[in-house]
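Listed after this line are the structures, all set down as structure tokens.
Look for chain A in each of the two complexes below; its partner is chain B in the first and chain C in the second.
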Partner chain A sequence: MADVIEVGAARKDAPPPAGGKSRRGVTVRGSRATPYLFLAPYLLLFLAFGLLPILFGVWLSVHQWDLQLPNRPFVGLDNYRDLFDSESAIYGDWWSSVRATAIFTVFSVPLLVVIPLGLALLLNKSFPGRTFFRAIYFAPYVLGVAVIGLLWRFLLDANLGLVNRLLGAVGLPSDTPWVTDVPWAWVSLVGVTVWWTSGFNAVIYLAGLQDISPELYEAARMDGANAWERFRNVTLPGLRPVMLFVLTTTILASANVFGQSFLITQGAPGQQTRTVVWRIVDEGLRDNDAGRAAAMSIVFALALTVISIVNFRFFRYRED
Partner chain B sequence: MTTLRRFTRYAVLVLLALVFLTPLVWMAITSVKTYGDAQKIPPSFLPNPFSTYGYEQILDNASNPVLRWFVNSMLAATLHALLVLVTASMAAYALARLHFRGRAASFALIVGTLFIPPTSLIIPNFVIADRLGWLDTLAVVIVPGAASAFGVFFLRQFFLSIPAELEEAAVLDGANHWQIFVKVLLPLSKPALATLAVLSFLTNWNDFLWPIYVLFSPERLTLPAGLGLLQGAYVSDYPVIMAGAVLASVPVLILFVAAQRHIIQGVSRSGLKG
Partner chain C sequence: MMQNEMSRRRLLGLGVGLGAAASLTLAGCGGGSASKSTATGNGGKEYTGPKVSLNLWNGFTGGDGDIFKKLVEQFNSEHQNIAIAVNTYRWEDYYSKLPGAVSSGSGPDIAVMHMDQLATFAARGVITELDDVAKALELSEGDFAPTVWKGGLYNNKRYGIPLDMHPLGFYYNKAVMQKAGLDPNKPPTTRDEFTAALTELKKSGVQGFWISPFQFTGGMTFYSLLHQWGGSLFDAEVAKATFNSDPAVEACTWLVDLIKQGHSPSNVGQDADYLALKSGKNAFNFNGIWQINDIAKDPNAQIGVAELPQIGSQKAAWANSHNFTIVKQRSADNNKISGAKVFINWLSEHSLDWAKGGQVPARKEVREGAEFKAIPNVATLAPELEYAAFPPAAPGLGEVITTFYTSFNEAVLGKKSPKQALDDGVAKANKQLEDNRKKYGS
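This part shows the complex of A and B:
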């Protein structure tokens, strides 16, 4: 983020001022209102659906806000307290969803940081067909979660699915309940997500790899460094900012998992694979308790913010 | 040695390609099987017989109007991408080229929302959409998502990379800001605009969570929301479900092949911003 602000600051005096003079003293016609008119259409959207919902969410969370009832009394922090009170009616479901999300995140993030890096290294050299393979690895990502959810529900079907049939063909057990029992349901959710989004992270890594100066590799080679040493001492340090970006965005993406468990495991077994986001929308939009759901959203958003900050701190610290 | 190495590299590349592609190929194959054929164990690799059963089921279906969903999705994604392009490019012009009171603060505020998980806005946005009377209309899947800060941020960075000198001729001709924006800056920004348009279209076309909660009437659904219904209605009638999945995949796969460069560049640039 620091980069962005610096770019803006460095350029501060470059653009011609509104209604004023350009650097060569030529007047650009425009009134004082011009900048605001340019900003207005987006700002309207931003205020209504970007900023207002943040504030409104806080408002909702301190009310008993049933979507179907006209009376919405102020309840202070009750909605928050219920999330942490083991006596409350929603405590069990809420923490079960937190557990599900945590399991998914803890197992998917390392794979989604490491496997795409491998793919990127494989694609980083120039060879015939490189663009073609990159496109193939990226292709699943352009499909939506609805498509990949339906597709994998089918592929992982215990009887009719391709996965068990292929496993059977090579002499492995062919009756694994991939979508209906744990731990298999976790393996499925994590595996499908790795298949779906690895290409995306790989493309980000590739851009980072191309930013590492070839001279550094040349210098390392002259010093007699072998491939592993070049990876350790040139590639990894050079990739650090990109890795931090991949790690942070992947944690956020994994923590927000919804469609995979909604469509592939459908929460099964029991409600064990129901995630936080699913819990929130169910609480708010199916059970109509928008106040409690808003409180859940805020606790969830705060937790993710803390994780992101810790993440940044840790990497910055390691850098020093 | 180098030959062996090259062979190993391609062997690995092809093996991985199979992992990524086989599921998609299986989806296409299954969509042209008959119900009975898809129930066979072990499954036949090629459809036997080749059948349009799955597609017939979804294309002429009163309770699951899949073609209608397709049209809804096409309309929503196109209008959404247009809305993002117009609003984000205008705002980005103001933030990159114009001086005004509150510029730094507005930019900081807009960028700040990039860090808020969009899922945490769903409940309040639902209530806001309800107040506006937008639930179960196409507007609810087109407009709120366009508040995303990404487009403004992305285009502002691009505009800043264009040297201001290029606008000087227009300035000398007495052009106003609107003319500079439309006649000079936008034509110079075609690659960035194309990237943003394609990414916005893809995001909207694929959106699942929001549409399934804000659209209710069968004829108003988008394709991904409808696919959820289809799965419920056809459970293990896989040719029908896969035909629906193919229908939702084809437009984005075509877009991917046609605009691969823009998509890949957009994604890799989003990483460098971090």
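This part shows the complex of A and C:
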């Protein structure tokens, strides 16, 4: 520790050129192994719980794999082909689950990126009771999916639920099938998810907002920028890395939606709100077809990877 | 049956203590009397070897779990050389956890399982044949109800010793019936009486019989009626799905038409049918025997229980059953197996206490005893055992039965006509059965 401080201090005081160079050389040579040592624990975890399971998943996906059955025949790409072969038993279920997940993601992500940003901007102002409101907006996020799922299923019940009763009381239609018919089921699922998880994204934004130097705002104000211009030219650029993080994690989280539709709509009507992750769980754990479940997971993961890459590219491009 | 069902029940029980939940969870508040039957010494069933410790897994997460544990404690204190340790998991975890635990050698010795899971676990080599157990214990069909006893078979070999059965029952709200001018002590028992009652209820402004599109318990209502109309889900070999047969379509149409005729609202949510019954918004509900403990909590005792009315051409009711199974071990320990046999026999003889948790004992001598007959409501549903429609025994049926319930869901929610929904379901179910045949090679 002391060494580090000394080096830092020396650098600050000493004139930069000649002496500094040799010192830097020494530092680099001495620490060649250091980064790897620092990385080692994570690398180990990543290998054990990340890479190996992925490779094992690939291995599973080319077999008909049941934990219990003695023979687990190699089936090549059959598990993958089934997903794209309209004659297979799984084809309809698989694509309907892809469709469900896509609908949910497309509608939930924009809301989950924009609404929390608005919240964070409000909560970043100073006003009495700010901490209280920060807590209130974050509160739903601490609840488990089982809790919010049951809660909203009863609130949204078409015939007995509070939501329809309140709507009726103010003269609106009181028989909306919130959880048993589309598109209402999607409105419910997206709405509940926004209510549930906005607080989390808002907290991330809030941290990002507090990282933006007040001097920038001050300078902008001096240049005569109004509130909108300050938001466009200071806040948004300052939040870009945070936004990339929020967007990426939100897309992944939304694509992984499972609990909400499992509990609130139970897939109804028919299987229209049954999502990909639900399908994978059923395939692997209920129907004991780990091979097919693995094939689904890999196709799904590849699709999400592509989306994430596009996402990163887009933001990098904007930065340039 | 199937993970989904169990999970739903449990989740519900968890949260709001509501209805469908209770199947296995709310059980147990039955009666305060601590009477017990003593073992009717079955000679030669004793275990005299060195002390063995046995692990037992079950999914009794609710009040029924406490009753079960008490029985196990009693057993342990009566048997110095057998120690049973109980592990309880939620059913939905249970069936996915068990195979992994068994293959890694950390599984239980005894596992409680639903009848419709037996074939899957037998085909996958998780549980062991019990024909010798039945023989050693001198258990035979005569000791049990034939339907339940046969349900423990797969490929003509026994894999489960039945503990109980839990059928669908007919729940009715007496106060609502009275208001509509119906005799609250005479619930309808035939189709004519049933529809006449619905007409009266409608006149008094009550939609009498809500049709839930969900498996719990609208789907199970359809399952029952399909059998009442003389239909079946599958052919005898479980090779082809048959739930688009004429009887099935008629039964489904009859239910869907109740919505059109205004006896049920559309878009009934999960559990809304049962909640509406309890709050007097409807009058009739077909629900599981597990609700008996829930309605017993009502101080006004407004909800009555009866056998399902006969709507179709014969009596039938959805039912499932808990079975004891012995799990295959890497190295068989005969002492453990002997100990397990003693336990299974003992508990089956003591199933009277289990009945107080809201289950009909599978064992005849218990079921026909005066003490069982005195248990309110549970005993009322016991006669259903004679015509209970248990799920068929074939491996991997979970997803196929889900397809069945999904078809019903589409029909009730008006997405498709009953015929169309069931036809589509059967087409898909047949593909799934085909896949299963390839996989399990039957």
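Definition applied: the second predicted complex is superposed on the first by the 266 of 320 C-alpha atoms of A that agree within 3 Å, B and C clash if a C-alpha of one lies under 4 Å from a C-alpha of the other, contacts with A are read in each partner's own complex, and residues count from 1 in each chain.
Just so it is clear, a contact is a pair of C-beta atoms (placed from the backbone, for glycine too) under 8 Å apart; a residue touches a chain by one contact, two chains touch by 3 or more.
Being a predicted model, the structure only gives us computed values, none of them experimental.
Taking chain B and chain C in turn and counting the residues of chain A each one touches, the greater count comes from B.
When the two structures are aligned on the shared chain, A:Leu122 is found in touch with chain B, with no touch to chain C. By the touch criterion stated above, A:Ala268 is placed in contact with chain C alone, chain B being left untouched.
Legend: residue contacts after superposition of the two complexes on their common chain; A:Asp181 is shown touching chain C, with no touch to chain B. Of the two partner chains placed by the overlay, chain B and chain C both lie in contact with A:Leu285.
After overlaying the two complexes on the shared chain, residue contacts for A:Arg153 are found with chain B and with chain C alike.
When the two complexes are overlaid on their common chain A, residue A:Ala48 makes contact with chain B while staying clear of chain C. Of the two partner chains placed by superposition, chain B and chain C are both touched by A:Leu67.
By the touch criterion defined above, A:Gly92 reaches chain C but does not reach chain B. The contact surfaces that chain B and chain C form on chain A in the two complexes overlap at residues 67, 146-147, 150-151, 153-154, 157, 159-160, 263, 285. Taken in their complex, chain A has these residues touching chain B: 1, 3-4, 7-8, 11, 14-18, 20, 22-24, 26, 28-30, 32, 34-36, 38-39, 41-43, 45-46, 48-54, 56-57, 60, 65, 67, 119, 122, 127, 129, 131, 133-140, 142-147, 150-155, 157, 159-160, 162, 165, 168-169, 195, 199-200, 203-208, 211, 241-242, 244-246, 248-249, 252, 255-256, 258-259, 262-263, 277, 280-281, 284-285, 290, 293-294, 297-298, 300-301, 304-305, 308. Of all the residues in chain B, the ones that touch chain A in their complex are 6, 9-10, 12-13, 16-17, 19-24, 26-27, 30, 38-39, 41-43, 83, 86-88, 90-91, 93-100, 103-104, 106-107, 109-111, 113, 115-128, 130, 143-149, 152-153, 157, 160, 164, 167-168, 171-172, 174-177, 180-181, 202, 205-209, 213, 223-225, 227-228, 230-231, 236, 238, 241-242, 244-245, 248-249, 252-253, 255-257, 260, 263-264, 267-274. Those residues of chain A that touch chain C in the complex are listed here as 64, 66-70, 88-89, 92, 146-147, 150-151, 153-154, 156-161, 175, 177, 179-181, 263, 266-271, 282, 285-289.
The touching residues of chain C, when paired with chain A in their complex, are 2-4, 8, 11-12, 14-16, 95-96, 99-100, 102-103, 120, 124-126, 210, 213-214, 265-270, 272, 275-276, 279, 281, 396, 398-399, 402, 406, 409-410, 413, 415, 428, 431-432, 434-435, 439-440.
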